[in-house]
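By written order: A, B, C and D. Residues from 1 in each chain.
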Amino acid sequence: MSRQGDWNLNPMSETYEPKIVAFLCKWCSSAGSDLAGVSRIQYPANATPITVACSGSVSPQYVLSAFKKGADGVLVSGCHIGDCHYMEGNYHARRKLYLVKELLEFTGVEPERFRMSWVSAAEGAKFAQVVRDFVDDLRPLGSQDKMRNEPT
Amino acid sequence: MIRIEDIRTQARDILETGEVRAVIGWRRGSRGMAAEPVLISQPEEAESLVWDPTCFHNLSLNLVQERKRLARKGMASNKPLALVAKGCDARSVTVLLQENHFRREDVYVLGVSCEGSGVLDERKLARVLDGLTPDSAAYDGDDYVFQTEEGEKRLPAREVMADRCLECRSAYPRLNNAVFGEEKTRGLEAPFAALSRFEQNRGAERWDFWKRQFERCIRCFACRSVCPLCYCEECVVDSIRLEVTPETTADEKANRIRWIERSASRSDNFGYHMTRALHLAGRCIDCAECERVCPVHIPLRLLNNKLEREAREKFGYEPGASVDLPALVSSFRDDDPNEFIR
Amino acid sequence: MELILEKGRLDDWIAALEGWQAFAPSQEDEVWGYRPTASPVRLDHPNTVQPPKNFAFPQREVFFRFEQVKGEPPRLTPVEPDAARNVVFGVRPCDGRGVVRMDTVFSDHVEDSFYLGRRKNLAYVGLACLKPASRHCFCKSVGGSPVSTEGLDVLMTDLGDCWLLASATPVGETLMQAAGALLTEPSAEQRMELARRHEEALARPQKSAVADVGNAATRLKDNFDSPLWEELGKACIACGICTYLCPTCHCFDLNDEVSGGKPLRGGRVRTWDSCQFPDFTMHSSGHNPRDSLGSRLRQRVSHKFRYFVENFGTPQCTGCGRCVSQCPVGIDIVNVVNRVCASV
Amino acid sequence: MGDNIYLPQLARVSYIKEEVAGERAIKTFRLEFAEGEGFEHECGQCAMLSIFGKGEAMISIASAPHVKTYKQFSIMRVGRVTSAFHELSVGDVVGIRGPYGNSFPVHDWRGKNLIFIGGGCGLAPIWPVIQTAVAQREHFRDITVFYGGRSPRDIMYQAELEKLRGAADVHLSVDKAEEGWNAYCGFVPANLMDKEPSPENAIAITCGPPIMIKFVIQNLRSLGFRDEQIYTTIENKMKCGLGKCGRCNVGKDYVCVKGPVYSWDVLKDLPAEY
């Protein structure tokens, strides 16, 4: 029995597509991703977006949980510094998730697997680029097995 | 040089005058060399207090436990509780005060500056003594002296001292009501020396190392139980809701998210230890009790040290430095690292 | 069957055990544990951190898997216990006695197919403790002995330049027969040496001892309400070390681990659990029958020295000393039993 | 040894009734075996019910042994599994294994007066005994049922209790007085004292919240009931139901095997850890 559902597990296969879980702030990055969509900007469909109230609301537990459930990469994207709807949420996100990033790397998890970006509602093209780059960087790493649940 | 008589006298005095309700300290253990935590409430019991290299426990844990015990019984104490605290232990009391777990007037700190004499690492000692089992340990200058079945064994303290003590930056309990010992720190090794040694490993070597550690974890939760700052009534790894009052609804119990399963599998163990380290970021004061008690020798101190050093270097933050500090992750600076963000 | 194995030939014997996967104590990051054998196997270990309990009672075990499409009946797929034949070397007699106690629990009333399924394919080759494996050993005071064969298939005794192997079960004989010519008849001197060494081991005092194990059950019953329990339990930090490292603690939890949502997929999983955890006995209502440290210490100690005696006529504790040596705060079960039993 | 003792059988929900609404809601479910051989049970035994993905809960079987077509369970919504049960619809399939535990020695009580004292959802575990006694009415003498809830809306099995009248004396109560309530107002133990049943040739069977049981037993004893005339059930947290997992351990007993039914003369010697 596979616990990964239809996720493609074989990194060597031509069709391997890294699976990204993207936590997007609803005020900017989520809107930015929508803009990328309506602007018909081409970018890979590897990211499953999860809209959150603020990048500051992203608990390290969300990141770890996404990896545990089999994400190959986790993206957290919020408003540019100074533009937070809640004034300082993204400052908190930056500090907290910096620690998550450092700790992951410390344990030997490939640093490319966790990424943050600031993408405003107007930056559809940037969002597309962020995802494109992320997919490109993840592809050579193959599937993420370090933190993933072992099969039941 | 710390004289145990001084600590006993002070403990007796504050119990006699009724200034405190009880004193938490160490006494001779019943199972051999190691001292054990004790809570005394009678002045005459002060005679049983000891101070030796096996006083490794961070007694602020007992402070938290005693508070919880009273709360469960619906009792409140109108008098402060005293504890004997080394420099490191006093820093965890500071964090507890910073987090409003106690009011300052509820705690009486009998501070002990170990003057850099540190405490024993029993595993290092076992390696050196090779089968001998000491009955007692004592400080003597730069040495620890052990009574064993083959008579007295004298060892340079630095050979068997806990890593965190070798790397100690501040042995003096800044937070105190009374203090014993001088303001002196030996710093036998550079701060974060063990961490730096580990960081010479690169990505794949690191993972090989941690994979092995996480696969060995048996999830006995001793690391969590022994940590004075793991005081949450309910932990992310608990399988059921622990705080249940008559007002708790069935929905609250039913809908509790299980982020981490009980299984001692590598992925769940990874989730547990990462979560714990992150929750201790900016709070852990490196008493290293988690590492000491781990029955399968997982070097948990490395995880905590890593975040401690990041906080220090990148955010200028030092856990336990002051009661007035804001929490690490609920504060920020304009110049926090940003270059890692696209 | 009593035969001699030269010291240098242990690996050859292990290699001769066709169809068996062999395990022996080795160190990983200075943690002694049972791992697949790697030559040379020395058997010079102190007490392993964990007893060999995992072999028949792994810390995590899946009983069945489920799959359910919303609105449709679930589909269950039972799991069979691992059928591998494992032989474990270097088992101390206290842990051998632990095996017997685990067998009792998992066979009593209803047979646990998972435990017994593994157990029937398991063999234990013991190692006589010619000197105590730790300062906290107290097997002799709880009815055991450093040379006991209870629960073991073979008992090995170190005679200096060779091992003397004594079979204790038919399985043990099979294991020894597989060695063929590696094993030789002991000489009269070797037999005498064995007797001498066993006598010496039996005579050697242990630092720790339960004072009067025969009356412990009664005394613990009399002192059930003693205030000593709370006093002795006060230092307890409610971790699971004592129970997880115990060769006879068998409590467990059952949970559904979900691995996929559409369709719902997962497994029902047994994991070890501990009576020392505060949530162990807590009802959903929040009511907790054992809600204090003292009551939980009393449960652990009473189970070992009273309840098991009342049910099966023998203490459950085998005196391995792990809960004593590994307790973060120095709670010593021997001290607890002795203090409570001696109190009026 | 090949039997997977932890593998449930599958059963289909054939009937659901909401007994009590609100935060402490109780629903009654009837389960019909869908696959597997099913099982027979005795009065007082329990079954381990599964909702896959949520887990298992030990629930007493509330239907009488002579009812062969289904097993009935009345489940209060308190936690993860019981909440999931409250979400079920007729036709849904759940897991069931059992029966577990001992039973009430109903056969030995022939020729006696039976007094049942229940509170809250504690009517469910003794309900099969009541049903059995009524079904074999000629074998028993007086049957009396005391039952109470917090308010009239907390009374379960209302229609069934009304149907009992004639075969049994039924004394209902609510904790607090309320418009339109004509029966007794006050706690169940008080109602018991009010009616003063005689211990003569009688057996008292009680189940309910722990605090109620405590006072009921106290009151029964003051009415002259001997310890061996008093029966109750204890329901500790259970995981395996097979005397292995240790959750329900009280003294030397694993309640899932030696219990849940105890006479007071046995139970009083066990530690009060339930």
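In this text, a residue touches a chain if its C-beta (ideal position, glycine included) is under 8 Å from a C-beta of that chain, and two chains touch if they have at least 3 such contacts.
Only a predicted model underlies this, so the values are computations on that prediction, with no experimental measurement involved.
Q: Just to be sure I understand the contacts, which chains border both chain D and chain A?
A: Chains in contact with chain A as well as chain D: B, C.
Q: Would you mind telling me which chain pair, A-C or A-B, is linked by more contacting C-beta pairs?
A: When the contacts at A-C and A-B are counted, A-B has more.
Q: Could you please state the distance in Å, as a whole number, between where the Cα atoms of chain A are centred and where those of chain C are centred?
A: Once rounded, the distance between the two centres reads 46 Å.
Q: Report the inter-chain centroid distance for chain A and chain B in whole angstrom, where each centroid is the mean of the CA atoms.
A: 35
Q: Could you put a whole-Å number on the gap between the CA centroids of chain B and chain D?
A: 48
Q: Take the average of all CA coordinates in chain B, do the same for chain C, and state the distance between these two points in whole angstrom.
A: Distance between chain centres: 31 Å.
Q: Mind pulling the residue numbers of chain A that touch at least two other chains?
A: Touching at least two other chains: 149.
Q: Which residues of chain B are in contact with two or more other chains?
A: 240, 253, 265
Q: Where does chain D touch two or more other chains at once, residue-wise?
A: 78-79, 82
Q: Taking all chains into account, which pairs touch?
A: Listed in label order, the chain pairs in contact are A-B, A-C, B-C, B-D, C-D.
Q: Quick check: in the complex, which residue numbers of chain C touch chain D?
A: By the definition above, chain C touches chain D via 63-64, 66, 68, 73-74, 76, 78-79, 105-106, 108-114, 116-117, 120, 224, 250-256, 258, 264, 266, 268, 270, 273, 275, 280-285, 287, 289-290, 295, 299, 302-303, 306-307, 310-311.
Q: Taking the complex as given, what residues does chain B use to touch chain D?
A: 240, 249-251, 253-254, 256
Q: Could you list, by residue number, the parts of chain D that touch chain B in their complex?
A: These residues of chain D touch chain B: 23, 25, 77-80, 82-84.
Q: Quick one: in the complex, what on chain B touches chain A?
A: Listed in rising order, the residues are 199, 203-211, 236, 259-260, 265-268, 270-271, 274-275, 277-278, 281, 302-303, 306-307, 310-311, 314-315, 328-332, 336-338, 340-342.
Q: Which residues of chain A touch chain B in the complex?
A: Touch list, chain A to chain B: 60-61, 64-65, 68, 81, 88, 91-92, 94-96, 98-110, 115-118, 130, 133, 146-150.
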